[in-house]
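This structure is in structure tokens; I'll ask about it shortly.
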Amino acid sequence: MALSRKKSSVKAGLPPGTLVHVGEKKTEKVRIRLIEYDEQGIRETDLDPGHDFSSPGERPSVTWINIDGLWDVGLIERVGLAFGLHSLALEDIVNTNQRPKLDDYEDYLFLVSKMISYDPSQRSLQSEQLSIVLGKHFLLTFQEKPGDIFDPIRQRLRNGKGRVRKMGPDYLAYALLDAVVDSYFLALENVGEDIEDLEDEILKNPGTSTVQRVHGLKLDLLFVRKSVWPLREIISGMERGESDLVERKTILFLRDLYDHTIQVIDTVETYRDTVTGLLDIYLSSLSNKLNEIMKVLTIIATLFIPLTFIAGIYGMNFKFMPELEWKWGYPLVILLMVIVGAIMLAWFRKKRLM
Amino acid sequence: MALSRKKSSVKAGLPPGTLVHVGEKKTEKVRIRLIEYDEQGIRETDLDPGHDFSSPGERPSVTWINIDGLWDVGLIERVGLAFGLHSLALEDIVNTNQRPKLDDYEDYLFLVSKMISYDPSQRSLQSEQLSIVLGKHFLLTFQEKPGDIFDPIRQRLRNGKGRVRKMGPDYLAYALLDAVVDSYFLALENVGEDIEDLEDEILKNPGTSTVQRVHGLKLDLLFVRKSVWPLREIISGMERGESDLVERKTILFLRDLYDHTIQVIDTVETYRDTVTGLLDIYLSSLSNKLNEIMKVLTIIATLFIPLTFIAGIYGMNFKFMPELEWKWGYPLVILLMVIVGAIMLAWFRKKRLM
Amino acid sequence: MALSRKKSSVKAGLPPGTLVHVGEKKTEKVRIRLIEYDEQGIRETDLDPGHDFSSPGERPSVTWINIDGLWDVGLIERVGLAFGLHSLALEDIVNTNQRPKLDDYEDYLFLVSKMISYDPSQRSLQSEQLSIVLGKHFLLTFQEKPGDIFDPIRQRLRNGKGRVRKMGPDYLAYALLDAVVDSYFLALENVGEDIEDLEDEILKNPGTSTVQRVHGLKLDLLFVRKSVWPLREIISGMERGESDLVERKTILFLRDLYDHTIQVIDTVETYRDTVTGLLDIYLSSLSNKLNEIMKVLTIIATLFIPLTFIAGIYGMNFKFMPELEWKWGYPLVILLMVIVGAIMLAWFRKKRLM
Amino acid sequence: MALSRKKSSVKAGLPPGTLVHVGEKKTEKVRIRLIEYDEQGIRETDLDPGHDFSSPGERPSVTWINIDGLWDVGLIERVGLAFGLHSLALEDIVNTNQRPKLDDYEDYLFLVSKMISYDPSQRSLQSEQLSIVLGKHFLLTFQEKPGDIFDPIRQRLRNGKGRVRKMGPDYLAYALLDAVVDSYFLALENVGEDIEDLEDEILKNPGTSTVQRVHGLKLDLLFVRKSVWPLREIISGMERGESDLVERKTILFLRDLYDHTIQVIDTVETYRDTVTGLLDIYLSSLSNKLNEIMKVLTIIATLFIPLTFIAGIYGMNFKFMPELEWKWGYPLVILLMVIVGAIMLAWFRKKRLM
Amino acid sequence: MALSRKKSSVKAGLPPGTLVHVGEKKTEKVRIRLIEYDEQGIRETDLDPGHDFSSPGERPSVTWINIDGLWDVGLIERVGLAFGLHSLALEDIVNTNQRPKLDDYEDYLFLVSKMISYDPSQRSLQSEQLSIVLGKHFLLTFQEKPGDIFDPIRQRLRNGKGRVRKMGPDYLAYALLDAVVDSYFLALENVGEDIEDLEDEILKNPGTSTVQRVHGLKLDLLFVRKSVWPLREIISGMERGESDLVERKTILFLRDLYDHTIQVIDTVETYRDTVTGLLDIYLSSLSNKLNEIMKVLTIIATLFIPLTFIAGIYGMNFKFMPELEWKWGYPLVILLMVIVGAIMLAWFRKKRLM
């Protein structure tokens, strides 16, 4: 996860409430899907970006509008107008640098959260902003790009099995957040596998890039933590039951989801400790290796340097060196060298250098 | 304790409240033991997995059903139905990745905790999930596999001595949690012995695997901490006396148990500091060793290199080298070498290199 | 960001409430700009330092007086008298070492905050103190030197578009603080680029100044943190709605601004972790490099030292050395050397030293 | 302070409230001393272990029973019965692994604390558990072994001077806790002296055992901290005045004692920082020493290796080497060597290697 | 700041409330200065140690008694009696090891704080205990030794300008504490200069004493922090307005002072981070230097060792070495050496060792 490249500078100086899309500009069409359901039935419609949102149905069914793509600021503005959203909420929807948060606008709750996915090609985490507006009878969701993370929920809506069709938009919001938290578990699993790969690498074949990978994993984990800590607060805020928009029946489920976010946090902390431990292992293996290398050098050098000195002595050209004339001089010197070498080696053993 | 291998990915996308067993699939029979007791008597029965739980006795005695083995999801579901358990609780029972927690469902309390045991063959800790459902007159316990940690409690029930037969299921729940906390003390004792082994190893024979063992111990301690911190909150939650299901008489015991969990946490913290200290000792012993090795190399090299140079000079083949002709040239050069060597050694001593 | 050079010693021993300008003495003229506006119109006037502030208009319009330059203590005093400011507030305005804070003087709120700008020439952050006095119908702002950070707000005032003309001085104060927080984002962007530069430097061409730059970046980030943490508290204090001077309509905007400060804090924390990680990478690259160097030395030395020893033996001048007389003596010794060298290299490979 | 060797495993599986003495089994007689006093007089009696405690005097005087030795579980049980103590309290009295704590049993307060003494022979801290039961008219104290830490208090009781005779058992409890906290100050003074010794050792004669001593001191300090933190909570709990057993007059003294515990904690933190700093000094002195050693080696080696090479050249036996025939060949080569050596040394100086 | 040498052992075993002077025993006369003032006038008197304090004037003016020197325990006792001070307060006045604190004795507030001064000769901080007793109409201050830190306040009292003469003893207490906090700023300025000196030393001429100085600065900063944190609590306690002794008018000033203490804490934290960063710079400069040294050694050794080996070969005395007979043998070998050397150097460059 490189440092965020989304420039916030483009916004400096603009009046608050100005809608500026922060992120890659895309030209593909924005996808808008309308799902209306109640316990009896469900109707799915793909809407045109030019659709007139201003007269949403007032029936007691649930209306879910999902918008994939945030660059069409005009569309966001018209949706905001139709559903009576505050301009600050609209600004946050298109500013994808938002920190996850929960704002209670009385008529509706506004939530920002981050979906996280693992990109195996780059071995790093990607994030996408998901904004949710939870009203009495409607739910609006805004994503940066189309994705399939909510498909299982749509499937459950269509099947009509389970609870989701019987309950209001608050339960649907819970189900979406549950999918978001599940995406964290998946991302963490991938990070966990990366950590195990790294552990193998460190034990078998550590290199100069090891510390960089450790560093990358740390930033990834930091990134998950920064996404899930505020999400925990959001869920805790919804669960506390201060808003009429969240029904009592849903609170039990939010409590469960809250436990899941704590599990994510726990896992992140364990992984961070693990990665830090890997760095310790790597650094001490460097030290160990240096010690090994120096031992080899020391043993060879201290063994042969004195012997070479002895050979040097008898290589001198003095006229009067009686040993040179001795018949057994040469074998005696060789013997001397063997003895000196043996003493050195014995001493190394005693000193545990070998 | 390796990173958890239990995949949470199998659950992603499923509706909440879906029962999916997370863990090893086993084919052995699930063991169900029913114990009914009051102050007068006790009856133990082994139930069949096909048993019909739907009409539990309504007498004022205590009914304890213990289930060993969680893979039979259908059985768990039937038990849940018979005792009116919420589907989220059932989901948590079979999802053995659960973080310890306490949920108050008004009619019953639902507790998840972790039993920890030490596996001497792998020198690491194993954990097993224990779920407890505490009702007005019944107690349900769910374990991953059969174990004997609760045998002393059963024995006490059979003997009819002590308090346990005179009190309700809340006291039984306390007794079980007390056994769980005792299992932490046992595990920590084993970890403590491992730490002492490691200390010996570091002082006598440190090697490249030392840091890995330090790392392993740290993860083990982290694991105990992650199990006991939420358990502390659970016990504190029960002790606060907000639920009618926990009687006043039991609260004193829970307070005592609470103190025990704090003692576990204290021990874990001491051990963590100890292990960190061992790492410091190990790393500084590496540095010390390197210094020792380099001292040897330096002394030998700086002693003999100048001497070898002197020998080299008189090994040169110049025609006109007056010293070579001197009668006392050879002894004088040897004397020179002895003097140079002595000066070097004296200098080493002064510089505290030797 | 060097350690602050502004001496606080000049103030020691003076009675509290004494106005002493702490900072560079300047002789340039202080700029005073008066802006009066309401929904209908706007009037801008540049005032003379000798202006008589004692009779500010009592109309329900908003009066904004901005003063650039704090060294004219007499002027500050006269402004204070005219608007009924407490001497402690005046003291804080001219003491530019002030920590950001919010003081509620009932009739007015007194805010101190820090604007931060990036100085590319020195690659470090500059800070300037901004004091704001928020009254029922007026807003006073005091800056150390002229700057253009508030120009966009003046432009919006002149245009009369957006909310700012329709709302009171509390909204204007919010808009100014919003500009201050935006300046933090800009400064952090520059710091982020510095971090990426540093990362490149460490990977390609690390040097002795690297740690100093790491240290400098840490102090810069610390500096931003020290500015934004109290600002967060200030905004939270205003948002809590305890003062009548902040209207309900403005509180929503302050809540949004509060989120922005948390985002700044988050970014600072991420950057701090990143910089710490860079230090780890740098230090381990040093260790790696040392290992590489020592490997080279060890391989060369242990390869040639034994060979030189062999050559030394046959350089001895003993009369009776049979090998010297052999016809194949020379080639055989060369062969011996090649074999010894080959064995050494094979052993290095096995030991993974090469 | 080695890791605690008191096994908690002996208790696992036993019902709560079972009295098991954890600690060394001793056969010496348990000492029981009864002191009864009021403002008028004082009576001291040494009781027999078989004494019948069941009818304690109901007079308004203060009864203090001190028991030295906890292995006689039967005695403790009888005392408990006589004074109506809960079995959990009794269990905690004999389980000397207890964490300091305060339990309010309404009729009496139950306190566990740790006395700490310094053992100069082992240079480490010893701890002993002190349990206090504070009733309306009585005070029971339980120690592991006889000691003289409370002698000054007994002396004050006998003298009848000061406050202690005029006040109730709550003041006596305060006086005992005050003595306990004083024992911490004494222990910390000894630790402080050890730290200064260690500082000397590190500066003058550091060795491989230095890090072990640092580690030992850290564990000692951790041990004091673990004893004093809960004691602080205990005293704060008593001072809050929630129990009728603590009179208003005594609370002022407890507040003072509370300040003392904070002072102990402060000292412990300072010492911990100091010890950590010593470790830094030690490790950097190791690095410095290595640098010094390597400098010596490098200077000697790079000075003589080129010179030896020159000598080696003129030691070659080529037939046609014109220099060898020159009359001034030898002096010229010596001159060359001197010049090369001088250049090397000058270069070293410039590079600050010397 | 060395570890405190003031022994607390002299107090162990004494009854609480016993006055024992902890600190250097001095024989010089204790200075007692009485200042009485109200809005109209001021009277200063130097009192004799034997003065009878028992009848302080009951007029509505303010009485300030300042005592320099605490060793005359009898005097302190008489003052205590005259003003109705609790014996615990008196004990704290003479025990100069006291942690800063605020005790509310209803009739008076008792404050302990620490004045800090910088001793340039030892480059370390000195501290002195200041105890303040704030009554309805009087203020007692106790210092360890005479000092001039309060002279400016006395001057302001004499001048009768400013607020101090118009307000009560609570404002005087505030003014004294303000002077104390100013002394912290001054001490920190000196520490800041020391840090900059140290930074210079590390960059230009680091040595073995560097880490000791880093350590000393850390302890100094710790010491300031330990003095200012409780002072912050004291001021916050006074400002909360729970005591009648502090008037509403003074609270504004205390709030300002509170901000100053937070500024001190901020500065301390910044300095601590800076000092830690300096340690990093120092340690990495050690590593860098080692790398530099080893590079030199490696380059020289690997360059000349092979060349020396070649020279050694042709220094062998074999009868049949055809190269020795060649006419161009010598120049060819020299050429070979040049080529080998050039290859080595090229390889070094490629490997970035040079």
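Just so it is clear, A, B, C, D and E label the chains in written order, and each chain counts residues from 1 on its own.
The definition used in the following text is that contacts are C-beta pairs under 8 Å (C-beta built on N, C-alpha and C of every residue); 3 or more make two chains touch, one makes a residue touch a chain.
All figures in this text were calculated on a predicted structure; none of them were measured in a lab.
Least step count on the touch graph, chain C to chain D: 2. After Cα superposition, the angle needed to carry chain A onto chain D is 145 degrees, rounded to a multiple of 5.
The geometric centre of chain B is 42 Å away from that of chain E, both derived from CA atoms. If each chain is reduced to the centroid of its CA atoms, chain C and chain E end up 26 Å from each other. Within chain C, the positions touching two or more other chains are listed as 287, 290, 294, 297, 301, 305, 308, 312, 315-317, 321. Shown here, the protein chains touch around one cycle, each chain meeting exactly two partners. Each chain touches the next in a closed loop, which from chain A via chain B reads A, B, D, E, C.
Partner chain C is touched in their complex by these residues of chain E: 151-152, 156, 162-164, 174-175, 178-179, 182-183, 185-186, 189, 192, 195-196, 203, 252-253, 255-257, 259, 262-263, 266, 270-271, 273-274, 277-278, 280-281, 284-285, 287-288, 290-291, 294-295, 297-298, 301-302, 305-306, 308-309, 312-313, 315-321, 351, 353.
Contacts from chain A toward chain C in the complex involve residues 3-4, 7-9, 11-17, 86, 88, 91-92, 97-99, 101, 103, 208, 210-212, 214-215, 218-219, 222-223, 226, 279, 282-283, 286-287, 289-290, 292-294, 296-297, 300-301, 304-305, 307-308, 311-312, 314-317, 321, 323-330, 333-334.
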